[in-house]
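Both complexes below contain subunit A, partnered by subunit B and then by subunit C.
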Partner chain A sequence: MERGYWIRSKPLYDSLVWRQFATGHVVVAQGDGGLAVLKLFQQMCPREPIKLLFADDKSASKKYADIIQTLVPEGLQICESEQAALAALKEQLPDCLMGTQFYVAGSEEFIWAVLEVLKEYGVQDNNVAKELCGTLARSVYCVHCKTISKDVHFSIHECDGCRRHLFVRDHFSRRLGAYMGVMVDAEEPGNIPAKEEIYP
Partner chain B sequence: MNTQFKQETFRDDYTYTNSAEAIRRFPFPFAEDEYMYSVNIEMHGEGTGAAGSVFEHGIDVDEHYIAECEDRRIVLDEDPDRYTALPHMMDAQWDMVELMMDSLSKDYPEHFQLQKDGDNWHWVNKPLGIDQTFVFGDEATLPMQPFEYISRQVQGDWIILDQRDDDLFADMGMVTSQADWSMAFDAGMSFKEWHGPVPQANEIGIFDRALKYLLHLQYGSPVRRLNWTMTINPRLDTSPENYPFWGPDNASVTPENVGDKVYLRVELQALFRLPRSNAIAFSVRGYLISLNELITYPRWGKRLHRVLKQLHPDLSEYKGLDNYRQTVIDFLAPLDDGADLGLGTHPE
Partner chain C sequence: MSILNVKVADVEQVTDVVKHFTLVQENGEPLPHFSGGSHVVVSMNINGRIHRNPYSLMGSTANTDSYHISVRKQENSRGGSVFMHEQVKPGSRLQITYPVNLFAISKMGRRHILIAGGIGITPFMSQIADLNRLGYDYELHYAYRSPENAAFREQLEAMCGNRVHFYVESEGGRLDIPDLLSHQPLGTHVYICGPDPMVKALHINARELGWPENHVHSEEFTAPPIGDEFKVQLKQSGVELVVPGDMSMLEAMEEAGIDAPFLCRGGACGRCEQQVLECDGVIMHNDHYLSDAEKASGNSIMPCVSRAKCSRLVLDF
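What follows is the complex of A and B.
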């Protein structure tokens, strides 16, 4: 995390704002993404039909399902888990019209899992509003054994697959939904720097 | 051209060496004593380089051809993902078959021959002992995907960039000899994402200008630039995938072995617009030269000494030179009398 070492492949996440010129709106959120949903519904709602898929997450700082239920009058589907929300999205997509706008809020892993589902229907990454909420945890792709470790909070991570100690590079692949992890002690085996929690 | 193809290795016992002729034609990249990124693009292809130089033809074939193709085969056996092609790239695959076969058969007719009878093509690659008839445009008539088939028969890495939304996407590639970047990871990335980890270049606006230029690249007017780094041992596969295997070499340089162990690696990067797909073929052809080979031309030894001494620390780190750069500088220092070298990359 050196000064001036700005990484272009790192996605930028924004605050959710309703988009104009839509035929419909689909909002998918998880965990602390609930707060982003509440902020979104405090804005003037568009006239077009809105679908909202939401799943609470046990590691989130708060449960939002009940609050959302009282504030979102229609089109709401509360899901049991992140997986259930993704499955519900898959079910909804064939009924969506051309011109539907998509909104995602939650952990980075969740955001890119949703994008993976949308990609099958030709929805491009830059047409999806994304808000990162709750955690900066990263998914890390081990460039050596190709395993993706999820929920990584520290600068150095022991790979879930090959157990090598990986340095988490600031280089992100949208296709894999993960940052690159490279063996940290390849040049001097055993020389592993102390790990720091920089993705809380 | 009567090239003698060498039997040599880029791994394990590292028997790779350059002949006197290969040293003389080495694409030394430093025209000045100071180095910083620049777009430094010039025209490429027929008529843009001196006879015998690496710039004479669109695709250079030299004495290392057979050994490099063999090294590629070994890499692909171990890790098939070094070849990646997203499904929408089939037109570009055939573009590449045409570009490579046309170019090789025209420029090196004693080694490569191509006969076309409409879409029925007959390809002969003598150095690799290949004789193949196939139907251009019909995948089923080749033993593997068209781009994999032909890119196993050329030197250097090839990345095919799809052009859409005013951007370029790395949607196909044959990448087995890369300087520490991963095709499997970068597949599908846009131009700026893909260059994300390169320090300093964004700050000076390199990528904006380079992208703008490339989006307007014309068919039939290829361009090129040189890039460089250093490598320990003549290893082509310095991939992040295999970093655990070559990484320890970076800590193995001593004042005694530096001349033999440290290589200047120059990449001849060329870009060709493709006619059917409108994609861009980006070739990255690496040339390796040991310090001992390089200093047979004192002008190059002095120049490299000065470039390394004043190299920006971010670039030194990014290129992975930090472990041994000072050892190289100390090795070259006694050879540098401080004489004014003037402009230019020529050896003498």
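What follows is the complex of A and C.
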């Protein structure tokens, strides 16, 4: 880590806080994003209508749907899967008006899948509140074969597509929702550093 | 800054107070291409003092044979608009900058609401050409004082069909901005050009309805505010000058032969930003560029519209 050095495309995530000015609120969360939802509902609840779409991560040890159900009185839709949550969001959007505030919480992959849906409706990612929860796992885009490997915890990562050993960079594509991965031994074939778990 | 030498090919009286000027390049060549919402800065030599006023290009973006600008004769003109109205005739020669666009249509938008107040209609004339060409969803809301002030109404009806709505103040027509903003679908962008209170009201209404700032676009070409005389010292240039009450700091610098940077001359673009080293009074920030925190810190000033209430201001220039 070099001090004072920053890749500008690397997204920043925050804690979810209700926005003061709004015509409505739409919260979409997955897996450990459930905790962000619980924190959000501990704040003073806004007057405007709220829609909450939540999907538990089936493989995770901690589930949040039951607790959320006891806390959120109306506008809650528990979805069977991430895909179901994205589909439910798509159904909501044609009726949403300008002034609707969007909040997303979950893994980075989920956050950017939601933002991709919102983009189709002209909602820009910098206007959406985002909280990264549970894991720092990255989606990595191989600049050589264009494959996107998901759930990457290690740098160096062996590309799911071409098996090249990729060094994971902080350069992030908002369009692809993935970090750039470049072949680490391009100049000295076979000289591959040990892989380290830096995205637990 | 690159300059285009142009000749006035035609002058048309549009309303009692608005004149439309057709400009062609002096050397007969086509003018540079531009995008909808662009403006040029016209230089005028009025009794030895150079005035520079920005005007929106209002012709079709497909036409580069000529540029079209419209000028409203201002009641409290500092000289520029009166000069354009009284001195500039067909055949007159003028110098203009290359077109600059600080008021472009957002390509990320899914729907575009254009709001014009009076002469603020001009940037939309070229934007509509773009919107029509791209097939975008848009609406134009045009408010003006009275039927005599209905500049370009027929042309707009022909260009926009049922997408244009007129509000005539003298006939009781009123544009309800909060109502207009409160029922727009996601992905809508709003653009406004008009008098300052109207622009400010839109920004406040949009914010209170939860519109993101980057969905609200505005352009205002107002004369730089007048104020008290003050002294400026340019540290690197080793120049000291006095800014008279009726002149902007940028104009005073230009008058003193300083080649200071500028683009919009309206406090919007940030190009003319100067670092303040010392100020023994307060800076009167009149720009829309610096954040409130930056304004409060007093380290920067936009000399095109902002001035100081002090006896001495030192800039790092």
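The criterion applied here is as follows: the second predicted complex is superposed on the first by the 192 of 200 C-alpha atoms of A that agree within 3 Å, B and C clash if a C-alpha of one lies under 4 Å from a C-alpha of the other, contacts with A are read in each partner's own complex, and residues count from 1 in each chain.
Note that a residue touches a chain if its C-beta (ideal position, glycine included) is under 8 Å from a C-beta of that chain, and two chains touch if they have at least 3 such contacts.
Worth saying up front: this structure is predicted, and the values here are computed from it rather than measured.
Student: Check the residue A:19 against both partner chains and state whether it touches subunit B (first), subunit C (second), both, or neither.
Tutor: In the superposed model, A:19 contacts subunit C only, not subunit B.
Student: Go through the superposed model and pick first if A:103 touches only subunit B, second if only subunit C, both, or neither.
Tutor: Neither subunit B nor subunit C is touched by A:103.
Student: Report for A:186: first if it touches subunit B alone, second if subunit C alone, otherwise both or neither.
Tutor: First partner only, subunit B.
Student: Residues of subunit A touched: more by subunit B or subunit C?
Tutor: B
Student: Given the touch rule stated above, what does A:199 touch, subunit B (first), subunit C (second), both, or neither?
Tutor: Touch partners of A:199: none, neither subunit B nor subunit C.
Student: Should A:93 be classified as contacting the first partner (subunit B), the second (subunit C), both, or neither?
Tutor: Only subunit C is touched by A:93; subunit B is not.
Student: Counting only touches as set out at the top, which of subunit B and subunit C does A:144 meet: first, second, both, neither?
Tutor: A:144 sits against subunit B, while subunit C stays out of touch.
Student: Using the superposition on chain A as set up above, list the residues of subunit A that contact both subunit B and subunit C.
Tutor: In subunit A, nothing is touched by subunit B and also by subunit C.
Student: Given the complex with subunit C, which residues does subunit A contribute to the contact?
Tutor: The contact residues of subunit A facing subunit C are 19, 21-23, 93-94, 96-101, 121-124, 126-127.
Student: Show which residues of subunit B lie in contact with subunit A when the two form their complex.
Tutor: Residues 81, 182, 184-189, 192-197, 199, 202-203, 207, 240-244, 247-248, 250-251, 314, 323.
Student: Applying the document's contact rule, which stretches of subunit A touch subunit B when the two form their complex?
Tutor: 4-10, 141, 143-144, 146, 164, 169-176, 180, 182-183, 186-189
Student: So in the complex, the part of subunit C that touches subunit A is made up of which residues?
Tutor: 108-111, 181-188, 207-212, 214-215
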